[in-house]
Amino acid sequence: MRYLPKSPTDRELMLREIGIRSVDELFAPIPAEYRLKRELDIAPSMAEADILDWFRQRAADTAASGYANFLGAGAYHHYRPVVIDTLISRGEFFTAYTPYQPEISQGTLQAIFEFQTMICELTGMEVANASMYDGSTAATEAVLMAARVTGRRSAVVARSVHPEYREVLASYAKNQGIPLAEVPFLENGRVNAAALEKAITDGTACVLIQSPNFFGTIEDVAAVAEIAHRKGALLVVAIAEAVSLGIVKPPTEADIVAMEAQSFGVPLSFGGPYAGVIATKEKFVRQMPGRLVGQTVDKQGRRGFVLTLSTREQHIRREKATSNICTNQALIALMATVFMTVYGREGLKELATQNLAKTAYAVEQFGKTAKVLFQGAPRFNEFVVQTSKDPKTLNGRMLKQKIIGGLPLKKFYPELGNASLWCCTELTRRVAIEAAATALSPQKAKPQVVSTEVAQ
Amino acid sequence: MAYPADLKYTKEHEWIKVEGDTGIIGITDHAQKALGDIVFVELPKPGATLTQGKSLGTVESVKAVSDIYAPASGTVTEVNQELNTAPEKVNADPHGAWMLKVKLSNPGEVKNLLSAADYEKFVAEEDGH
Amino acid sequence: MNRKIKKATTHVIQNEGLIFEKSSPGKKGYKLPELDVPEVNPSQVLGNAARADLGNMPEVSEIEIIRHFTRISTWNYGVDTGLYPLGSCTMKYNPRINEIVARLDGLANAHPYQPEKVSQGALLILQALRKALMEICGMEAITLQPAAGAHGELTGILLVRAYLQSQGNPRKKILIPDSAHGTNPATAAIAGYEVENLKSNAHGMVDIPSLEAQMNEDVAALMVTNPNTVGLFEQEIHKVAEIVHRKGGLVYMDGANMNALVGKVRPGDFGIDVMHLNLHKTFSTPHGGGGPGSGPVACKKIMEPFLPIPVVVTKKDGTLGFDYDRPQSIGRVRAFYGNFGMHVRALAYIMANGRDGLVQTTEDAVLNANYIRKKLDGVYELPYSTPSMHEVVFSDHKQTAKGIKTGDIAKRLIDYGFHPYTVSFPMIVHGALMIEPTESESLEEMDLFIDAMKNIAEECENTPEVVLSAPHTTRIGRLDETRAARQPILRWKPQAQSAKGD
């Protein structure tokens, strides 16, 4: 076995040193009746070349770069600068553990400190944690955190929050005795503020909205914050599309921001691993879950970084901890840190503006052949289209043109009829937008295969 | 450090000083030593009710957190705000750095607490284990 | 230089400030493609939702980015550097083929919502991994959705709750041995259960009489780690399971230490009802400085109806797809399907090892731990005489006479060129040194480690001050953690820097 650095002689020698004859003696503590008396039903060891070949075939059976992809909905197709993989592949980063021993973990610790700083800069919050599992669990943990901060035990959730985020929240809230009230959206796609105000009671710990919301619409965060705060509730803002922060005003009026950082250079990877983040005001930091890196000094006054405020965490506080979360997503957070560094202060703005331009163009084109819903409020890089035919049928047709159409919404929002959610990023090409708009037309147009090659 | 004779002590390592119907509460020298450098003290707000033997807050060092148990029942009248910004005062002067002032609801409760001498004996026994 | 330090020597290391300190306006590390649609004016499109500027985000060039992260990376220690004996964390080798296959275009760039018809390869990977993990655990159902071990624990306990609820009563309490990981009690609390502590016996195992006394109809489940956190196999696990089952409870196994059992014994065969696996421990996915993890949960048939949605199924036409129509499901614990990238890596690892390699891996992991145990027995105190599996726990009892604690020995180990072991855990061993070499260590590397540990024990006797003030060879010394917690500085700010990096 090529991963095992021992010769048969080494093993013999070690057994002799231990004072036993065979390795079986080491397994004597396991009662014989329970031991597996056969081989595992798993194929024998494979050669590297065969493994690569097997996965190449699986990859070939899965659509990716060869298609023009209009899916967003919480997972976004952005360009990943090549330096990301170069840097995260350094063994010192990717084969290290949680930085419990700061003297030999300063690389990881400093990178996390930089991550926390960049998240604060982008969200307008004062503190950010070292990352969590993903956006859905971050939003959930943010709601639980609001309950701890306020001592209140219910939450109000906008229906325009990602449906799967809401499902995750429901699984957690049910067992914590936190009832959830859902608030509908308006015709412009924004949360219904009047209904929201009515839904908030003296027991409401927080209001959870998403901005840009699931439909791509940017919420009026300040107005919602005003309503929530007036009733003594906190405002939690979820952000699923992090690139929006390059051009959309940060939700500074929020008390907690729960973010998905996938857009920042993390591969789509069929849904994970991604990285969630919670950012908040300094005064709430002791109720915030997840790891935190802080700056300090050694005896000679040299700057260094350590994990800090860890008494909030499970390994110390056990059943009284702020969360049961143990790992963060350090390597994914590092991808995001490199991405944010590559684009930086000007690039993130330019990148977000390109997304805005592609989407504005797509909305205009799609408007010619179908109905674009939720007009009248600003949107970032997603929009909802209503068609006369079932979007699944239309998408099936487009697949032949190497186009992956928008996400059919019937499963999540039956009230929207034949609606689908479309996303355009800097990678979406004009020809693909035009081809997709044509394909949505009720008049049957001649299907054209979209080339994903860059135009010469 | 000697344990002042005018204080009463709990087996959970809190002290209380009774002045009329007011109790002043803190943690003992033994407690601060066991915890090490204290970095944060979490206390209830004025108006909160305490029940003898029940947790009223926590005291944290870098790698440990410990509940503070109420030595007597009553209503919190004052909280030592200084500890918010300077928790190290508990390490420097544990029997002087008070945490709460309480209007006692049942001053008789204090009788079942330990005297300085008994507490000292209790701590010595605990360390022996 | 101390001649006794064989593995390491000092070497010039680059200093490096924070990325923000290298920033200056106008530097760029990116170039976007030409826009092929009409330009837009953000303030026109967004109105007052448009953002003015991005504050202190850095502006640097590509070469500076490469150097910045390369330099700070050299301040880290990884499995690629050497033995990383962090007990309970299983710091084994991370095979490079895993990284290559996870980055293949069809896998790395597949969108979770793309039609199943064009996702058959990804679905087959999920299916193949599920099958292999069920076989390894001796279980009949599995979900790959949980993003980490603790997340798996929560999922598992929610399955327990849903199952018991379907039987009429979710019950109130979870029993947890005092040797457990902190995640266990935290998880039980998040799942809405009270936690009741169960003490260990003189052998470091579940105390059967205590379990008999504490087990009743209020107890939903026992959460047990096996081998436990002291590295010992719960020899009476079948009796433990029987006691819990007799009162209608379920047994949850924290699979953090499954690397001691793969191919030798299956939890499903010794009475476990539900368990999680840590793919980043047993199945070699990288720890990455603290994540991502992946915590699949395997269980018996009785809990299958409650698995999180969606579940991968073979459809009538023979293709694979997701089943969302599961009315008894506990719901979702994460968006999409879990950490797919980690699933790819774990499957590649299982394929590279095969049934033969998996068993040899388990044997080598246990052999290595016992070799270290034998060589250091007497040098450090062994609190339990019970045989060890994949890790060994010593205590600092012999060294405390000189005022030296496990944390000090750990810091001195850094000077000898090793990452420290796990310090002060499990809590039932006072002053614990928890050592897990894993199967990835050669005899030579382990002998160097043993040698270092023996030298440090001598230093504790003869020159304790050297140990107490370690490490001496790192870029920075022991850091002031009290200061970090009392006056938290959790982000960089312009100017307000009190101490400048050197």
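Letters are used for the chains, namely A, B and C, taken in the order the chains are written, and counting of residues starts over at 1 for each.
The working rule: a residue touches a chain if its C-beta (ideal position, glycine included) is under 8 Å from a C-beta of that chain, and two chains touch if they have at least 3 such contacts.
Given the structure is predicted, the values throughout are model-derived calculations rather than measurements.
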Could you tell me between which two chains the number of C-beta pairs in contact is largest? A-C
Name the most central chain, where centre means the mean of Cα atoms. C
For chain A versus chain C, what separation do you get between their C-alpha means, in angstrom? 20
Quick one: chain B and chain C, Cα centre-to-centre, how many Å? 38
Whole-Å distance, C-alpha centre of chain A to that of chain B, is 45
Mind pulling the residue numbers of chain A that touch at least two other chains? 316-317
Where in chain B do residues touch at least two different other chains? 40, 60-63
Please set out, as single numbers or ranges, the residues of chain C touching at least two other chains. 481, 485
Of all residues in chain B, those that touch chain A in their complex: 40, 42, 60-65
Under the stated contact criterion, what part of chain A meets chain B in this complex? 286, 310-311, 316-317
Help me check something: in the complex, which residues belonging to chain C touch chain B? 481-482, 485-486
